[in-house]
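Quick heads-up: structures coming right below.
Here chain A shows up in two complexes: once beside chain B, once beside chain C.
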Partner chain A sequence: MGEGDLGLWAVLVAMIGGAIRVSTPFIFVSLGECLTERSGRINLGLEGTLVFGAMSGYAVAYETNSAWIGVLAAALAGTVFGLFHGWVCKLPRVNDIAIGIALMLLGMGLAFFFGKPYIQPVAPDLPAIPLGFWSSSPQVEAALRVNVLFVVGIALAFLIAWLFRSTRIGLVIRVVGDSSDAARAMGISVDRVRLLATAAGGALAGIGGAYLSLYYPGSWNEGISSGQGLMAVALVIFARWNPVNCIWAALLFGAAGALGPALQSIGISKGYYLSYAAPYVLTLILLIATSSTTRAVRGAPGELSITK
Partner chain B sequence: MTAHSNVSAGPMKGVPARAARAPGHLDRQIEAFALPLGALAVGLALFALFLMMVGKSPAEFYGLVFKAGFGTAFSWENTLARTSPLLLAALCVAIPARLGLVVIGGEGAIVLGGVAAGAFGMHMTGLGSTLGIVGMAVSAMCVGGVWIGMVGALRYKRGVNETISSLLLAYIAIALMNHLVEGPLRDPASLNKPSTAPLEAAYRIGTIPGWDIHWGLVVGILACIFSFVLIERTTWGFSARIVGGNIRAAQIQGLPVGWLMAGFCALAGGFAGLAGMLEVSAVHGSANGSLAGGYGFTGILIAFLARHNMLAIIPVAVLLAGFEASSGLIQRRMDLPDATILVLQGIVFISILISETFTGRLSFSSLMRKQSHG
Partner chain C sequence: MSKGTAIGVETLHMTKRFGDFTALDDVSIKITPGSFHALLGENGAGKSTLVKCMMGFYQPTSGQMLINDREAEIRNPRDAHASGLGMVYQHFTLVPSLTAAENLVIARENAPAVIDWRKEREGLQAFLKTMPFSVALDQPVNRLAAGEKQKLELLKQLYLGRHFLILDEPTSVLTPSEADELLGMVRDLTQAGALTCLMITHKFREVTAFADVVSVLRRGAHVGGGKVSELSHDDMAAMMIGDKTLTRSADRSGEKGEAVLTLDGISASDRSGLKTIEVESLRVSAGEVVGIAGVSGNGQMELMEVLTGQRPVSRGRVNVKSEAFHGTRRQARDLKVRFLPEEPLQNASAGRMSVAENLAFRTFDLKKNGGLNGKSTRTWLDRAGMSRLAVELVDAFKVKTASIESPIASLSGGNVQRAVLARELSDEVDLLIIANPCFGLDFSAVAEIRARIMAARNAGAAVLLISEDLDEILELSDRVLVMSEGRIAYETPIATLDVGELGRHMAGHA
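Moving on to the complex of A and B:
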């Protein structure tokens, strides 16, 4: 790797760095969605939760001058959205997908409503860990400045995987998600488990939103999320409802999202706007490749309306 | 007056046949109007509560909505001028919904329809007014139709969830529009706001004589009536409703389920594309970023409020257009952000979805009987 002559390497390094930066909210939202879906319900409203989490996290961080209190506030706001979704969906004849769409619109509306005064002010950022300290190349160093939340997200993925595999709570969630009849026969309250799983999922999506406004891109505005909350739903299908796979899927999506800025950084601006479509095209292709009409998707919770 | 007289009017054991059938039918008829209207009222009341919580006056808000949306002839013109894209966007949700498909990406078809119309107007000049406008409309409908038709086809062929795929396609469409309007289709003269070249005068759709409303309103209403007849009164529509009711039954009956899904989705997308074309030809005069104005998302709410009934879409769209028309005045007078209308829409949307839970659980006829008996 010659000095100053980076070319393709620069694109690769920028994409790895970008993938880590861009993927963090994906990790949180997809883990949240994974948790909710494993309990047999789908929450399409996480997009709204994400945006509201970004706003509330930023606003609280600005008011209290602490990024971490902002993250906490975003998680709380996400929990409230999740609880509401979980409560409404237990009513008979209420469609969880439609409620998700409505909550997506409401969450964004509320975020824009209360977020207007916070577009100008600057809130404190979340801290980053300089994992690239060993390198003399500023590009590599920039790429490996990893946010704490990224590390937390990865740890959380393994934690949730362990939860599903070897704890009683995980087993209860899985039973509820695979067969509500079996769960009822075991004396488990299906609605309560789903309510809590949706609330936890909302909290994680809220944290993902706080990452957007408090670290990367690092400010609050109305265009902050571009469908990450929704793509997470497709990502979970691609990850086969496995929390650890969610990390790889999120990194892949992050890399696709980082493609445009990475190409621009070495002076290729042709098709810059088109490159914005890359993550969506990738999601769609993966969705087409992993869906099927003849068999249930492998690993899918049996109660999930989206794969039935 | 016994305790169980108002429990349920469904066909129950031990209830005389006449009493079970006729009121049940009447109940469904009343319910079709009462539930959405009641949900709308509850939603508006909850929004009033929200306004009070943020320290604003609900009375002033609804007063301003009435004044700016429906109070004068001028405000009616303003409202009706905004109705046309909402009608077509709502059809893009309501038509697939009758086949059991929740398609929410109409925004993508609107945007690409607008770009297709702009591109047609840019490259096929000098065709004269009729041919030019028809050409733009057809190209917009084709692009929009293919876009949403894909959603239906993918659902049938590969089992891809239509809600997610349609929204992904909407994001792709917006990126594609930005690429085309900033690049290959950009008019070099459009500096601040990248656009396609301005349409020639003959390609612009004018206003209805005597009104300050463009012909798009008529097109939108005709599209609703056409869809109503198609869905409710033709064999194709009947087949589509069977698919929506029970897809297995439709397959066993030998209905071409895949073609019906793709075809009706394509029709829905065609209408959304037409909305984009009308925006370009009647409002903006060229295709640009304003096309992604959120009509597609308001259309979702309208379709659900209208319970996917093509004719009910018309009054609901007028109502929501009135709210949007009053948005500017509300921002100025009450110092509220433009997102206020989004909050209102979100609350009403949730209210209407929750009201579904009361379907078949309210007994209006027994309620009335009770009152008439004393």
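Moving on to the complex of A and C:
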């Protein structure tokens, strides 16, 4: 095996591994956003929820010495943020986008404030499943160490898809998201459904944050999120509001995010910042490529304020 | 579920006041089980108020209601549903992105928490077998044609076990053949004793063709009615409009002139992006009305968008007086082209701006001495001039508004249409392109607006009328085209027009 061969393979393996590692928070946040948006409301505050989830997950994991209790705490914190967003949006003449931006900044601010004492201590990591045990190559082994949350996220995507298709709750969410008039005519409380959908979306974003601080990168600091919460909004549009598509979109974004580190691992550090910007460039390219001037976005919930 | 028996409903001295305004004045109407009862009246006659009281959306100020001869208290729509009363609205209440099956199941009061689709599907199929008509269960509702949607609305009510149905202008969005089909089904169900139906309508034809009994409301009061077989159209019209005289469409005059609008080999994609609109050749000459008939959703609105320059064409050109037309403001002004899109409140006005501002939309940025065709534009608005113009137009076109400073959205549908017409027809017009100008308007407004259109034609304008109302097409057009599946499928001068032939082309069967 030549030197060059190994290099290319290494990049590929590193990218697959990176895709799996980097995509997990994307999966959770985008599923959360998907759930919220299908109920006809957009929550731009998920970035703040994610960062606060990362902080609270890390802090609780450190205090209790259990990563899973940390994840639970992050989900709980996310739920509180979601409930707050949903509750404020219930008030008359309130714009969900403006509230989302306010909550994003609030969440980040609170996380930095409460998270100061936890930058130094080391919290327990989330466990990973060594799917690469068969390989003798350390790169392959490292790439295929798959975190439990990744598996949970994928299962969750299918669960939510099933929920939308075959349960009353799922259909009610879709009704509310598509036509609030029809929902009211059916006697469904539109605000309550949206409140709960936003809360559930917040919980998922919180878990996404906990993954960041408890597994990859695996520590709490103020630069922990690189805009995953915001990019999830673009990702959901790209996934056409379909939870299963969210997996593919998240993996794609994850792979783009892993490009920089992968290239670096084989010693290519030229254009370092450029390759780190790959996910953002990809966001732009995808949104432009899939847009159209003559027809509305397919699959968009009818009540969504950005597509109305 | 369809095997239930029809329900009879009676209102006794029902009155509803909103503040000082009496919307419903001592109305007593008896609707016997298994009858097809029509409720006629102009806009604002109190039809909607009456049915909203029956359905529990409003509480009547006084009076009561009997269901199957027993006194019933309907506090909210849920009570009405529990008593077996249901309503099909003018606009659709189906959820657009859900499939028909999903819409039916989720509408059920006792929808299961986890839906076993195999079982539900079997149940739905069994239910459909007992119905005189069927719909595709797996299509998302937004892909169904208007007639299909309305059928599904009806099916939904029956599926939910409602045996007294209020239909609120159920055919306003349907073609004549779709309307006949739907109402025929309703009549079959009432005759079978499965259903009682109260239908709000403007259309006499539907009343005589399908209903058994008619009640007429005017200004909130029950002014007459009886067996349909014993009443003529004139009797009903007299009851409905009182002793008012209607504006008749002006007679045709003037000669057909040069071609003003020419379309050659136009090709554009439709709203879904999946189909194309292809118009090989279309000519509209000065002094004629060309009517484009067609079932809604066959490309008429896309054609309108091509003409207004809102939809890019992949091939072909739109010429106005042999100049390529791109729908810019400047061109529309220079070539004297005017558009009147459907639903003018949404498509041709800014709802929250005042009537005066809306009336000035075409001229607000022009200097007076430059005239309409002047090239000079102004920076500072001439508020006084705008008000003068508004007063003039409001007067000339009889727009009923509290003040010219009221937001245009506060006007009734007919008055918004009058205001927009006033704006578009106030100067010389060479080409007028109109879509569904009378949709949802009442009787007298319709007659007046059609007369305005005829007057423009007689003054030498070329008029392209896109309408889903066949009566309107037949009344106004000199030449009738049928649009079907994005193409011009048929063309005929009005003199040799055969309605049956036209209908076949509209249905796409010829």
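Observations
Note that in this section the second predicted complex is superposed on the first by the 300 of 308 C-alpha atoms of A that agree within 3 Å, B and C clash if a C-alpha of one lies under 4 Å from a C-alpha of the other, contacts with A are read in each partner's own complex, and residues count from 1 in each chain.
As a convention for this text, contacts are C-beta pairs under 8 Å (C-beta built on N, C-alpha and C of every residue); 3 or more make two chains touch, one makes a residue touch a chain.
In this text, all values refer to a predicted model and were calculated from it rather than measured experimentally.
Room for both chain B and chain C is found when the two structures are superposed via chain A, with no clash between them. In the superposed model, A:91 makes contact with chain B only, not with chain C. Once chain A of one complex is fitted onto chain A of the other, the partner contacts of A:181 are limited to chain C, with no touch recorded for chain B.
Note on chain A: of its two partners chain C and chain B, the one contacting more of its residues is B. When the shared chain is aligned, chain C comes close enough to touch A:302, but chain B does not. Look at A:171: by the touch rule set out above, it reaches chain C but stays clear of chain B.
No C-alpha atom of chain B lies closer than 5 Å to one of chain C in the superposed arrangement. On chain A, the surface touched by chain B in one complex and the surface touched by chain C in the other have residues 292-293 in common.
Of all residues in chain A, only 44, 88, 91-95, 97-99, 101-103, 105-113, 116, 226-227, 230-231, 233-234, 271, 273-274, 276-277, 280-281, 283-284, 287-288, 291-293, 306 touch chain B in the complex they form.
Across the complex, chain A meets chain C through its residues 165-169, 171-172, 174-175, 178-179, 181-183, 185-187, 292-295, 299, 301-302.
Contacts from chain B toward chain A in the complex involve residues 102, 104, 154, 156-161, 163-165, 167-169, 171-172, 175-176, 178-179, 182-183, 297, 300-301, 304, 337-347, 349-350, 353-354, 356-357, 359. Residues 77-78, 93-98, 102, 105-107, 111-117, 269, 271-273, 311-312 of chain C are the ones that touch chain A when the two sit in their complex.
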